[in-house]
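Notes for the one structure printed next.
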Amino acid sequence: MSHNSFGHLFRVTTFGESHGPALGCVIDGCPPGLEISEAVIQADLDRRRPGQSRFTTQRREPDAVRILSGTFAEGDAPARTTGTPIALMIENTDQRSKDYGDIKDKYRPGHADFTYDAKYGIRDYRGGGRSSARETAARVAAGAVARRVIPQVQVRGALVQMGPHRIDRSRWDWDEVARNPFFCPDPVAARSWEGYLDGIRKAGSSVGAVVEVVADGVPAGWGAPIYAKLDGEIAAAFMSINAVKGVEIGDGFAAAELSGESNADEIRQGPNGHPIFGSNHAGGLLGGISTGQAIVARFAVKPTSSILTPRATVDRRGDEVEILTKGRHDPCVGIRAVPVGEAMMACVLADAFLRHRGQVGDGRAWPFQAG
Amino acid sequence: MSHNSFGHLFRVTTFGESHGPALGCVIDGCPPGLEISEAVIQADLDRRRPGQSRFTTQRREPDAVRILSGTFAEGDAPARTTGTPIALMIENTDQRSKDYGDIKDKYRPGHADFTYDAKYGIRDYRGGGRSSARETAARVAAGAVARRVIPQVQVRGALVQMGPHRIDRSRWDWDEVARNPFFCPDPVAARSWEGYLDGIRKAGSSVGAVVEVVADGVPAGWGAPIYAKLDGEIAAAFMSINAVKGVEIGDGFAAAELSGESNADEIRQGPNGHPIFGSNHAGGLLGGISTGQAIVARFAVKPTSSILTPRATVDRRGDEVEILTKGRHDPCVGIRAVPVGEAMMACVLADAFLRHRGQVGDGRAWPFQAG
Amino acid sequence: MSHNSFGHLFRVTTFGESHGPALGCVIDGCPPGLEISEAVIQADLDRRRPGQSRFTTQRREPDAVRILSGTFAEGDAPARTTGTPIALMIENTDQRSKDYGDIKDKYRPGHADFTYDAKYGIRDYRGGGRSSARETAARVAAGAVARRVIPQVQVRGALVQMGPHRIDRSRWDWDEVARNPFFCPDPVAARSWEGYLDGIRKAGSSVGAVVEVVADGVPAGWGAPIYAKLDGEIAAAFMSINAVKGVEIGDGFAAAELSGESNADEIRQGPNGHPIFGSNHAGGLLGGISTGQAIVARFAVKPTSSILTPRATVDRRGDEVEILTKGRHDPCVGIRAVPVGEAMMACVLADAFLRHRGQVGDGRAWPFQAG
Amino acid sequence: MSHNSFGHLFRVTTFGESHGPALGCVIDGCPPGLEISEAVIQADLDRRRPGQSRFTTQRREPDAVRILSGTFAEGDAPARTTGTPIALMIENTDQRSKDYGDIKDKYRPGHADFTYDAKYGIRDYRGGGRSSARETAARVAAGAVARRVIPQVQVRGALVQMGPHRIDRSRWDWDEVARNPFFCPDPVAARSWEGYLDGIRKAGSSVGAVVEVVADGVPAGWGAPIYAKLDGEIAAAFMSINAVKGVEIGDGFAAAELSGESNADEIRQGPNGHPIFGSNHAGGLLGGISTGQAIVARFAVKPTSSILTPRATVDRRGDEVEILTKGRHDPCVGIRAVPVGEAMMACVLADAFLRHRGQVGDGRAWPFQAG
């Protein structure tokens, strides 16, 4: 029922505004005994941090995380989780609120300015307040913890489309993702995107993107039917990321065009008695439960609404005005959404793991029945 | 945390398998004083009922709903909700379980057969058990109640794509939806789909589809930030529908290709002081909160996995076999998903209305600030 | 957030009014593979059923339970749970609504008549509607399922006080509980209560009671800190039973009078390396988590508010009137609360077991650390 | 499902250990527009703060609260809530962890030491870690916010029993509560308790207590039936307070001894058409819903388990040892539980208010029906 929490057994509550004193999260339900340190979390945060290339916002935040609770180090041993809530805090340091002074009474078209004010009758205009993508730093920190809950699972993300430009999937190389400023798995696309995005940025414009997140190592059986389908959990998690307007599992919208025969992921017996699938149109999920294949999901990010190009709007009094947003913004907010998408997937899967263990226990011997 | 419930203040729990004694739902949190009768619910159920044309499963179920609790009629007055849980039951009558005998140990590729068994180690093979789309009758019944909670909102759905064939949006006519067996708003497309789907059906094949659901009349301010975004609630609700693999709000994936300028829904002052938007790329939602425009959402349905064309698979022992599913199936399960999508949207919005009223109260005067 | 659900991983939603068509429940999250039949549930229901002695309401309901979903019998094997929601229904048959005609506009002092009307503005006056203790039949049915989830745990209840008359604990005999109409573990008290309650009944009065529920076999470690303490879960579960106004764990209110030394449950090493406690003031729970001792809890039931003695009240218009309730009522509603208390304890513990398994896993080797 | 959260629409998540860097809470769902400052919260915290008399722990913490998020001050206006999560942090400063060195492997009888270790296999022995009553500072902070949500309601608590010594209710004086170190409403009892507790303290012993919390100003209709009864919400909230083992609403256990006639709170019409009750055995709640009378609830606190008197126990290896706890402890932990009980009641009622408004709306005209 909370507006600022997600997950069930592995439950994350975030707090904080773009220009408030601090942001962070509380992770409730993390199993005990896991080695967690600020350094481990920081490594994930650094992948998302702003100001690392000319293609992301020039706000320079160290985004240094502090663990306030939930771990304990006995003597010289490394700190471990204790099963109690893990609170993580990141102080805000580089807040130039004056940048926002001239837009404080105007609504940016396509921005949550308007709807927050419509709902609450009060507007924290400094950097978008709670609606700022800065909130996602807390999720990335939570995601770093979630990864330790399911060490057998590898969650990786990549930018597969920028504006109208898609990658060539035949060139997909996971190692390439860390080598370019776009988390792009296709080295050729990555190069061409540099020039493209420079143009967008210099024009004071912005552009959308598509992010793909893949989870390898999830065994068959996680997730649950109907209203707790992993598909739904992933979709809600991705939709909670700023500017996301679409989500797909596996073939997604392309599946609508397929026939039943083409869409069938045929099954054969593998060498170790486990099933092997001939394809993965389903994205690793059937009936909301994992098949044992890679889980594949994508989300569409709309272009940043804070742009230097003037647009028509109204102010809080209803008067018609023009607006252009100076501030410091990402020309393609989809780039930094890649580690955020990974973090959300890691959190959803950590939760699914704990829920599955709760309902069914550790001991289910799968796949094939004895005899 | 429940696997078979959705919603928060307006909360629906469904139960029942395809070939069990009955299916139904319990609606918890419905406000008191609303006129509800079996006839009102039946009208919605009849739109989804199978066997109404040659394009849906030939299973013939009356799907007669019975209200078990939650309403009270004082004297001769019509029955009204009392604020207590409303239990609705639909008995199953036309169950031909023998149809499934020859597939009971085999896994249909692309079907939840496999994953349910992987998770639970037990499989109710009769008509897909709990994973059958028959479960959606319970949601349509709940949706009929949800509509009464928000009478100011009109929720309508339509099939906008069948297989690769899309409608022409310039011909969109809501009245047409009731006139063809596809819930298609484009009369020309509807006619051509008849021949197309006949071919699919006779070939023992199946095909996917895309459904669009539109809600008019939602005021600005419903929904909530971050993890309770209406986008996320709608996405999870749609993903819970059988065979859905993708969800979009507003422009969805197409928004990824837009520039910030093109995507901006500019705002002007309307005659009554309310804001007027020049476009609706956002699908009526910004920051997870309604703008006052129409809410527009779509979902992609994959093709039915139960087909007459043989596919390679394994059985419960792991042996490699072929499978073809006789039974009685929808060649395009997306058709009957239209009233289901409407019902899910109605339930999500009824819940959002109650949550908004709880957090903010009835009295918010919007839009423009006094002075 | 639901008003009519309890539990988290083992979650029960009840529905139904005293004089509606049916009542029942949906159990969500029951693990798969458990043998459950209508006969097994019926046995528990029969212990609670009205009309079995002159000391309970003379309403005669067969309370026959029907399983609507959630189990599957393969061939001739007994039915087992499938992991999907288990819906249970009990039809109402002996409804004499006319009994209530003359009180339909008056509020019984001490009854929920008044508050339901104050909240909802509508009143189902037939037999108390949703506020009737008849709703507890659904919980007893759910409790029968919960017992199968934790077969290692034995949950038993007893009436330890009727009106001002307490049992003598030195005569406690669990076998005696089934031999008298009061679920009383003290044969001497049971005999004297017969005459006492006959007097109450004939005087058209009613009387309160105290019920004790004991769970043996719960290992150390179930439950959770702070807001998910087993103490709190049990307290909320007992408070949900009609007419309950007090709950105690272990020594309860008597612990307030103890010194720290007297209240300390000292620990010694048992023969198998497990800890042995010298006493159980804590009622088997410390910090909300089980110690491995018996869990001991009590609840106080106020006297039935429906009595034949006239009381001053008002009607719906606010006019001052007198009321006396004819109908058929329990002179001591605490008696039939015994199996209900057991059922609630069983449900709470089944849930705690699944939650513990989820967060910590099956494999924790306790107690003492290796080395 | 969270272990460290409570409430639904007004939802509080706490974090922090006794000797970690900080403790605090996140309040989710607070309505917008309420004036909240650190000073307002601090005033409530100061009532609970340790070291204020010789009767509470000598740990000296300033308990200075910092608001990290959720409020916004426009220009020179006072800060107001924005509807976003309010994070509150209190840094720990006076941590003498070495005090605990000699008990770090031993289990204090009657303390959660044992059960936390049994559950999690890891033990933060510094000051009790998460099980310390220090966690309650976070709740008192949350309670200060909750009070602003329901300014029409006055929540007050008092110590009504210390060890075996009860107050004389005929001397009840709310003003007296602030004048003695025990929050005792009876000036005569307060004086005699000084000598009594000095004796307990000097003997290295401890003693239990009973706290009563009263809420005035709650209108008829808050709360909800069955599993969301206010009785159950209050009981669970109180049971979450350290060392609480019993909860009563209204007459509580004494109601078990009453006849139906004596327990009936008769109703008459008041001067303004509102009902007036002749008594309040029910403690202001019927069927889980408020009657409009004062809500009256009590909880029993067992004696502190950390005492200077040696007790028999085992250590982590299972060896039998003696233990006595030096540290700095409250001889009667029930004293500081008074503001904590108030805070929990305020939070429960704030939540009930929002839930009621959500389900039923602002506009219910009560009590008596038109006509």
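As written, the chain order gives the labels A, B, C and D, with residue 1 at the start of each chain.
Convention: contacts are C-beta pairs under 8 Å (C-beta built on N, C-alpha and C of every residue); 3 or more make two chains touch, one makes a residue touch a chain.
Since we're looking at a predicted model, the values are computed, not measured.
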Chains touching both chain A and chain B, listed by label: C, D
Pair with more cross-chain C-beta pairs in contact, given B-D and B-C: B-C
Chain whose mean Cα position lies farthest from chain C: A
Distance between chain centroids, defined by C-alpha means - chain B, chain C (Å): 38
Centroid spacing, where centroids are CA-atom means, of chain C and chain D in whole angstrom: 26
Geometric centre distance via CA averages, chain D-chain B, whole Å: 44
Contacts with 2+ other chains: residues of chain C: 1-5, 8-9, 14, 29, 32, 83-84, 116, 119-121, 130, 225, 355, 360
Of chain A, residues touching chain C in the complex: 1, 9, 29, 31-32, 83-84, 225, 354-355, 357-363
Chain D residues touching chain A - in the complex, by the definition given at the top: 1-5, 8-9, 11, 13-17, 20-24, 26, 28-29, 32-33, 66-70, 72, 74, 80-87, 89, 116, 119-124, 126, 129-130
Parts of chain B lying in touch with chain A, wherever the complex brings them together: 1-6, 8-9, 14, 107-112, 114-116, 118-121, 130-131, 135, 161, 163-164, 200, 205-210, 220-229, 231-233, 235-240, 244-253, 255-269, 273, 275, 278, 281-283, 285-292, 300-307, 309, 311-314, 316-320, 334, 355-356, 360, 364, 366-369, 371
